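Chain nomenclature is as follows: A, B and C, assigned in order of appearance, with residue numbering initiated at 1 for each chain independently.
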Amino acid sequence: MVVGNPGRARAILVGRLALLSLGAVVLMIPFIYMVATSFKPNTLVLEIPPQIIPHHPTIANYTSAWTSNRFGRYFLNSLFVAIATTAAALLLSSMMAYAFARFRFPGRRVLFGLLLIGLMVPGMMVLIPQFLLAKQLLLLNSLWGLIVFYTGGNLALNTFLLRSFFQDIPFELEEAMVVDGAGPWTRFWRLILPLSRPALAIVSIFTFLASWDEFTWALTTINDPGKYTLPIAIALFEGQHSTSWGLVFAASTIAVVPAIAIFVVFQRQFISGLASGALKA
Amino acid sequence: MFERAIRATAGVLESSVPFSSVEVSSVMKVKRLNAVLVLLVLVGVTAGIAAARVTAPQKTTTITFWDAYSTGGAEVQHLEKTIIPAFEKSHPGIVVKDVTIPYDSLHQKLVTAVAGSQLPDLVRSDIIWVPELANLGVLAPLDQALPDFKSLSATVYPGPLATNYWKGHYYGLPLDTNTRIWVYNPAALTAIGASGPPTTFAQLKSMSAQAKAKGYDLYAESGTSCWNVCPWIWSNGGSVTNKTYTQATGYLNGPKSVAAIQMLVDLYKAGQMPGIIVDSNAGLGTYDGINQNKYVATLDGPWAFAIFAGAYKNTKLAGSLIPAGPSGSVSVVGGEDIVMTKSSKNKTAAEEFMRYMLGSFAQTQMARAGQMPVIKTSSKWLTKIHPYYATYLKQIANAKPRTPTPKWTQIDQVITTDVAKAFQGSESVQQALTEAATQIDGLLK
Amino acid sequence: MTASSSSTSISGFLGRSVTSLRPRPRVNPRRRRELAAAYLFLGPGFLLFALIILYPIVRAFQISLYRWSIVPGTASTFLGLHNYGRALHDPLFWRGLENAGFYMAVTVPAQIVLGMAVAVLLNAHMPARAFFRAIYYLPVVTSWVVVSLLFRYLFITDGGFINGELHLNIDWLGQRWTAMLVLSILGIWKGIGWSMVIFLGALQSVPRELHEAAAVDGAKALRRFRAVSLPAIRPVIAFVTILLVIGGFNVFISVYLITQGGPLDETQVLLTYMYREAFSYLDFGYGSALAFVLTLIVFVLALVQLRLFRRPSEAV
């Protein structure tokens, strides 16, 4: 689409790549160090000054981490909760965002304001009231309880995000469908959602990560070691007087894999030209 | 191949309702996204079913035991693989569910559990939380609950036992104990020209100067809380409060306490103590520093030896008693107590497990994992497990507990902040300690 | 509503025949269906949200009005707004607010600008695009514990990497503002990928026709960006700004792990202070009050931002 000479285009591309690579290297350094440390043996403490290349690389930390007390089970627990939470959050928040973006109804501003407030109150001070609530709802000590609370906890952010995206979809498209006799559900399902693939992808990526990484609520409500989630498992590698950091880093690297995998899968939705062609209709 | 499966699933999911004006391919892609989501949910649900499957318990009493043993080390291994099976074998009908919680989060989880009435039967609690929990009324007073309390308590060291005392009752029994001794690198000691570790305050001062001349810091301390500085206060004859723990003014800011802190501040101001005592990010931690020949010694518990053996193989540690002041060499008691909650529905079974954990089998097992035992008879065999325990046994004989009071955490923070001010120089030692004592008086009420 | 009730009473009084002549102002059935649809879309999610989030918030506010006793069944002393007054007179509260405010002021613009820059760079067709996107997102998924530890080791005064390599002797983490700066750098590093992802999605959603039209008019890339893309994604920029401000004021875990709010409470932020008061000292009433003061501040800021970012045509 760029109109101009190919030489200039190539120069721009090289410049782009150079800039991106520089930034990427800076951003990657701590991650590289984390991975490098995970391959070092017996790391109770980190070396000062830090050394990037391990002298005697070993995968002992990874085998230790994986074979330790039910690590695989905790991994699956987290996976189950994260996937279910993402699916539920996608559905509920897109519906709410559509209502906020497209309809005018009494109380719209108040309800949206309440949504914002929900986003702003620090979670740690709501912990005990939520704990008491979970107890009343019989959702303590259960993975399903985690799903319910994680979904509820992510609704405000996701709805706010999706509303911002939905507001950008030209209303003319929907009007055309209204003229055709399409009801709100059809417009939602056939027009808004397909045009919001990038936004839905973002919601999926972020909700998965939020659920995957969540520690405090899981720790507070789960009392059955069999139902522990991955963040708890990793925290357990930290001891009272000393921590085997190689083990923690190895476990953390393992934990990064699904989060990045979800990102890679869903970032394919960031393909431009989605809304193009639709305007022509 | 995966693509084909997705397309097939998408085809199956395709609804028969005619499409509207939106591009067909766009809808197909939505269908594919739907399909991917459905597949993921299926995978997730299967994982969830697998994860949620729990074997039904038999007709037994299950007691829940919360602890903060580290999973990385041998403690959980010994507990879950040796002690609990042995207990369950000798006590058929009782099943022990061990719940390991990261140490940094245990207090927070306990607090939330109190608020929601979700406490377990037994908890391995840090000794400094026992008065707080007892004051909240959630612990069972063992001197009333256990008919054999007198004989049980006679088997354990008095210092650790005293950490369970609150307002006339004992709310727990000690489970494991520890104390701080003078831990040093003999090679570094030789390098600074000393023949042995300092045994008196005077030697501490002279050796610190000696070490400085050779480019070492003799004594590295990692903070200014009571755990860090109280041994010096007590060895000098001072104290934090009076004997009944009701007043700090006149004691924490008394001449002997002030002199003890002043001694350390003087070392710090002379550049003979590293900055990490005030700011943990000022330099290397105590272990790294000793290993890299920057520091000679620190005060630490028995875990230091295990840590060095595992991570710092080139440095051999040795231990000796804390340099003695006018009142002798007095260290601080640490450790954990085992407490039973009032809300426990299985008190008899819980008491059985408590007795077992205090028996010589369990105490020996945990000693192998690095947990110093609390039973008096352990002095006979402890040094066979690890020779360095010998100094710890000597030191713990007259070690003192920190003030047993519900607001200890807050009091400790006051001490930490005000003593740090004295080190920083923004206040004199007398000023800082008087400030602290006044605040602590209010907290002791 | 009022119209229909008055017509009912009139019709009751006069008899239906008279009022049936007058055109009855009734709620348009289409409008009623739209309302019903709105509530149906909103309902399930909002009910869950109200249950899981709003109700506990109300309870937490209740707690802030008491010297709350955590043991169930024991009496709590009613304090009214005493905890709030205490907060306003508490120097540590103000310090926490200042520190969190500094963190917010440094991290928010940086994350927006850098996130946008990377999103623009990664928006075009270019080789290894997915690879670069994943790299920039990696810090977001890396655990706070790990990166906090690493940053700590970088900035230790005596023996840390930065001071060692650059031959400096700056007491990075021991002084208030340098420590907050280091924490802010960590926050920016970790957050760029987050705003990048959102801006990327938003830029993708801009209809290509708008760009084409502008290109035909002769606008170069930068001009097109400022004239077409930025205005088009305005609601998204508003969203990102508001969320980042919330996140900035709510900084916790990195401070907790790196400085613990020290030394001497110099680097306390609102949440570390709140955590200590509530979970260490068991003063949940005060902790809750601190939380609501913070919420109020952030809420007011959010309203201001929403107004600033509002398009002239739309009503919020």
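Worth a mention:
Operating definition for what follows: contacts are C-beta pairs under 8 Å (C-beta built on N, C-alpha and C of every residue); 3 or more make two chains touch, one makes a residue touch a chain.
All figures in this text were calculated on a predicted structure; none of them were measured in a lab.
Comparing the CA-atom centres of all chains against that of chain A, the greatest distance is found for B.
By the count of C-beta pairs in contact, the leading chain pair is A-C. As a whole-number value, the distance joining the C-alpha centres of chain B and chain C reads 36 Å.
Centre-to-centre separation of chain A and chain C, using mean CA positions: 15 Å.
Distance from the chain A centre to the chain B centre is 34 Å, each centre being the mean of its Cα atoms.
Shared interface positions of chain C, i.e. residues touching 2 or more other chains, are given as 70, 156, 159, 279. Counting only residues that touch two or more partner chains, chain B has 108, 115-117, 284, 288. Touching two or more other chains at once are residues 48, 128, 132, 195, 235, 238, 269, 274, 278 of chain A. Considering their complex, residues 42-45, 48, 68-69, 73, 76-77, 79-84, 87, 90, 127-128, 131-132, 135, 140, 143, 176-177, 180, 182, 186, 190-191, 193-195, 197, 200, 219-220, 223-227, 232, 235-244, 247, 265, 269, 274, 277-278, 281 of chain A touch chain B.
The touching residues of chain C, counted against chain A in their complex, run 34-35, 37-39, 41-42, 44-46, 48-57, 59-60, 63, 70, 118, 121-124, 126-128, 130, 132-143, 145-147, 149-151, 153-154, 156, 159-161, 164-165, 189, 192-194, 197-198, 200-209, 211-212, 215, 221, 232-233, 235-236, 238-239, 242-243, 246, 250, 252, 270-271, 274-275, 278-279, 284, 287-288, 290-292, 294-295, 298-299, 302, 314, 316. Across the complex, chain C is touched by residues 1-3, 13, 16-17, 19-20, 23-24, 27-28, 30-31, 33-34, 46, 48-50, 92-93, 95-96, 98-100, 103, 105, 109, 111-112, 114-122, 124-126, 128-130, 132-133, 148-149, 151-153, 155-157, 159-161, 163-165, 167-170, 183-185, 188, 195-196, 198-199, 201-202, 205-206, 209, 213, 234-235, 238, 245, 248-249, 252, 255-256, 259-260, 263-264, 267-276, 278-280 of chain A.
Interface residues of chain B facing chain C in the complex, by the touch rule stated above, are 107-108, 111, 114-117, 132, 136-138, 274-275, 278-284, 288, 407, 409-410, 413, 417, 420-421, 424. By the touch criterion given at the top, residues 70-72, 74, 152, 155-159, 171-174, 258-260, 262-265, 276, 279-282 of chain C touch chain B in their complex.
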